[in-house]
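If you scroll down you'll find the structure; I have some questions about it.
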C-alpha cells in the first residue's frame, strides 16, 4: 500500500470529532511545535519537506513562507484557500468534510510558524455545510485548549475564523480571495505588491491551499526530510487527486507523487480503468485549466517514457505534448465524449467566472464561448478555428491574474490535439449536432 | 538651497535614455521623454484606464502593456510577461521596449479589438466623438476591420439624473468614474455591478448621482459612456472653440474651459493637460449652471494639441493666413465645415440611429472581409 | 403592501449572530463581515432585496453602493424573489460527462421551467450554476445547504416528490 499522509484515518468512524481524531494521534503536532520548536524551526521543516502549493501553482510552500515580511508592530495573517472551484477538483471539499481537525491542526502549526494570531479559512459559500463542520471542530479544539488564548500554556494565541465566499471561482486566486475577505468584489489585485508584503488589510499575508496546510501535522511529527523522501525529485510527498469522468471508480485518492499515470488510471487501487466497454479518448490531468491530452500522450510522454503523476513528468514536452499537474483534477474522457462540446462547456465556465476587470479576459472569454457555441451547434466556419487560437493567444499572459491563461489553455490545447474534430463540426454540421453523435475518426483515438 | 538631490534611476525606453526619480512608473518616464521632445509623443503607451490625478487607477485595460527586456542593472533578466507600464515602477538600468517590440504591438492590437467587439461603434451619434480616447486608440493601434460576428452586448438603461447621461454599451470599464466618486465626492452612489462582461456602471437602484462634484465623472470618462446631458446633441466637438476662463467660485477653483459655438457657451469642462487628464476638478455649478459669457472672465483660447480634431478648423480655407501655397491648397482642399443639420433629441430616434449604425458597421466589416 | 424599508430587521437570534460575526474582524475591518451577513440575510428572507442590502450596509456602517457592488458580483445571492426551494444544478464539464445534461433536462421538464425560472406554484426555482466541487459524485445539485449527488432521473423524481409534500 502506498503511504498515506492525509487520508490514513479518513474512514475511521467519528474521525470528524475531536475525541477520535485525538485518539489517532491528532494534535500531537501542535504539542510538539508549540512546546519544543521555534517558529523558525517549523518553517525550516516546511522548507525541507519540499511540499509544493497544492492549489494548482505548485510553488514551494516553505519558500513562500520565507518571503513573508515581518515589520515590527504589524499583524501578519495566514489565510487558507478553501475556495476550491476548479472544475474537476473536489479534494479539499472531501478532506474538510471528512477530517476537519486535520486542517485545523495544520492551521495552528502554520500560524505559529508565521507568527499569525488571527487566521482565516476562506471556504467557498456553496459548501455551507462544510463550514458548519469546520466551525464545530474549531469550537471543540477551543474547548480543549488548542485554540484561543495561551494555547497549551505556551503563551501563543490564535483565533481561527471560517469565512464563507459567495459564489465566485475567481476568489480562488489569492489576491481576489483577500479582496473578498475584506468584503469587496473578488477583483484580483495587480502584483506587485505580493501578499507576502501587502496582503489582507495591507498586512503581510500568506495564502495556502487546504491540502498544503493539512500536510503540516505529519511534517512536524515525522520531519521534513521524511516527507521529502516520499515522491520523485522535486515532486515530494503525496497528493490528493480528484478523479472524475468516465472511470469505474470516481473519487478522491491520495497518491505518492511518482505513481505512473497508467497505474493511477488503470489499477483497482485508484480509478479502476475507463468504464466498462469503453476506451480512453482524452485526459485533463490537473483541473479544467490545464491543457487536455489525447490518448496517445497520456500514459507515455512524446519520448516514449512512462508518464508519471508528478509536476515534472506531466509537463514533459511543454504545452506541445504535455500538460500540468495543477490542482490534481483528473478528468477522464472516453470515446463517447465530444471534445468540441466539452471545450465550449469549459469556455462557458471561464466566461461566467471572469471578474471583468481587465479587457482581454472580460471580452475574450465571452468571445471564445460564443464562437465555440457556434461551432458546436453547427454554425461554425473553418476560420473560426484559427480565430479561436488567435483570441486565446491574445488573452494568454496579458491579463491581471491567471484566469486569462486558464481560459486560453483548454481552448488552445483542444484545437492543438483535436483539430480534426473541430473541422468535422464545420464540414458535417448536421451530424455534429445530432444528439450523442461524436467524431470517431481522430488519429488520437488509435 | 540645501542639496537633497535623490539618486536618479536611469532607464532606457524605446532606445531613449531618461533619468527619473525612484518610484516613477514606466508610463510617467515615457511621458517625461515626450514632454522634453514632443516629437516623441507617439512613443508614450496609450492609457485607457490609468489616470494620474486619481489614486489607484491603472492596470485594468492592458492597453499600455510593454516589454521589459532588462529588469534592472543588477538583475538583467527580462520580465517574463508584458507588464502594464502605468503601474510598474522603474528600476535603475531598466530597459523597456514599447513601439519597438512586435509582441507589444500585437498585444495592443488585441486589446483594441477586445475593447471594440462589444462597443456599439455609434460614433456618429456620440457626443464624445472627436475627443474619444477609444477612437484615438483604435485609430492608432487597431485593425481596420472586425472579426467579431456575434451579437453585441446591451444593457438596461439607467437614468443618472438631470446632468449625467449614461450609455453603458460604450463603457470600457476603466473604473475611473468610480475612483472619482470615491476620491472627490463625499458619498459614492454609483459603482460597478455584476461581473465579467455583464459588469456595468450603475447605481443599482434608480437614483441620480447628485452632489457638488458629480459632473467630473464626465470629464474622466475616456469614452462616451458618461456625457454631459446639458450638452447632449448640441454639437460636434470639432465645430466648437475651447476658451480658458475662470470665475470666483465658492466651491471649486473656478478654472474651466468654455466650449463656444459662435457666441454661445454650449459646454463647460475642467481644464485638461496634454494627456487628457483633468488639472483641477470643478463643481457642478460651474459646469452646468454657468453658460453665459458674462459669468466668466475669459483668459484666451485653450491650447489645443495639433493632433486634436479641434484643430481641424485651422485648415479652413478662410482661416489659413500664410504662406500663399497653403492658402491655395486650403482653398482647393478644405471647405468650411457647416453644421446646419437639425438636432436629434428624440430618444427612440437616437436609439434607432444607433442600431442602424451598428448594423452598418457589421456590414462594412463583412465587406472588408470579402475584399 | 410590501415591507417598508425601515421594517427590515434581523430576528433577535440572527442579529446576535451578526454582531458576533462582526466582532471576529480587527477593529475598523467590519466590512469583512459583508459576505457572512448577506448569507445570513438570505437565510432569513430567501433573497436579498435593495432594502435588505441597505439594512446590511447600515449594520456595517458602509455605503449601500458597497453592498450592491458585492451582492451582484457573487452568484449565490438571489437578487430577485425565488421559490421555496432553489435547485442549483452544476452545468460544468465533469457533471455533464456523467449525464448531467440529461438529468437536468429531465428536471426542468418535470418542473416545467427553464433555468432561472420559478414554478407557477412558487415551490421551486431552478438555477444553473458552475462547478460545485463534487465532480466525482456528479451530476450534482444543491438545495440550500444540502448537496444531492450521483443524480439520476429516478433520484430526481424521489427528491422532487419528497420536497413537494
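A few comments on the model shown:
Residue numbering begins at 1 within each chain, and the chains themselves are lettered A, B and C in the order written.
Basically, a contact is a pair of C-beta atoms (placed from the backbone, for glycine too) under 8 Å apart; a residue touches a chain by one contact, two chains touch by 3 or more.
A quick note: this is a predicted structure, and the numbers were derived from the prediction, not measured.
The greatest centre-to-centre distance from chain C, using averaged C-alpha positions, is reached by B. By number of C-beta pairs in contact, A-B leads over the other of A-B and B-C. Per-chain CA centroids place chain A at a distance of 25 Å from chain C.
A separation of 40 Å divides the Cα centre of chain B from that of chain C.
Residue positions of chain B with contacts to 2 or more other chains are 192, 194-195. In chain A, the positions touching at least two other chains are 168, 185, 352-353, 355.
Among the residues of chain C, those touching two or more other chains are numbered 66, 69, 73. The touching residues of chain B, counted against chain C in their complex, run 187-195, 203-205. Partner chain C is touched in their complex by these residues of chain A: 75, 84-90, 92-93, 118, 124-129, 132, 159, 161, 163-169, 180-186, 201, 242-246, 250-252, 288, 329, 331, 333, 337, 341-342, 345-346, 348-349, 352-353, 355. On chain C, the positions that touch chain A within their shared complex are 24-26, 29, 31-36, 38-39, 60, 62, 66, 69-70, 73-77, 88, 91-94, 96-98, 129-138, 142, 145-147. Interface residues of chain A, counted against chain B in their complex, comprise 168, 185, 190, 351-360, 362-367, 370-371, 374, 387, 394-395, 397-400. Touching chain B in their complex are the following residues of chain C: 50, 63-66, 68-69, 72-73.
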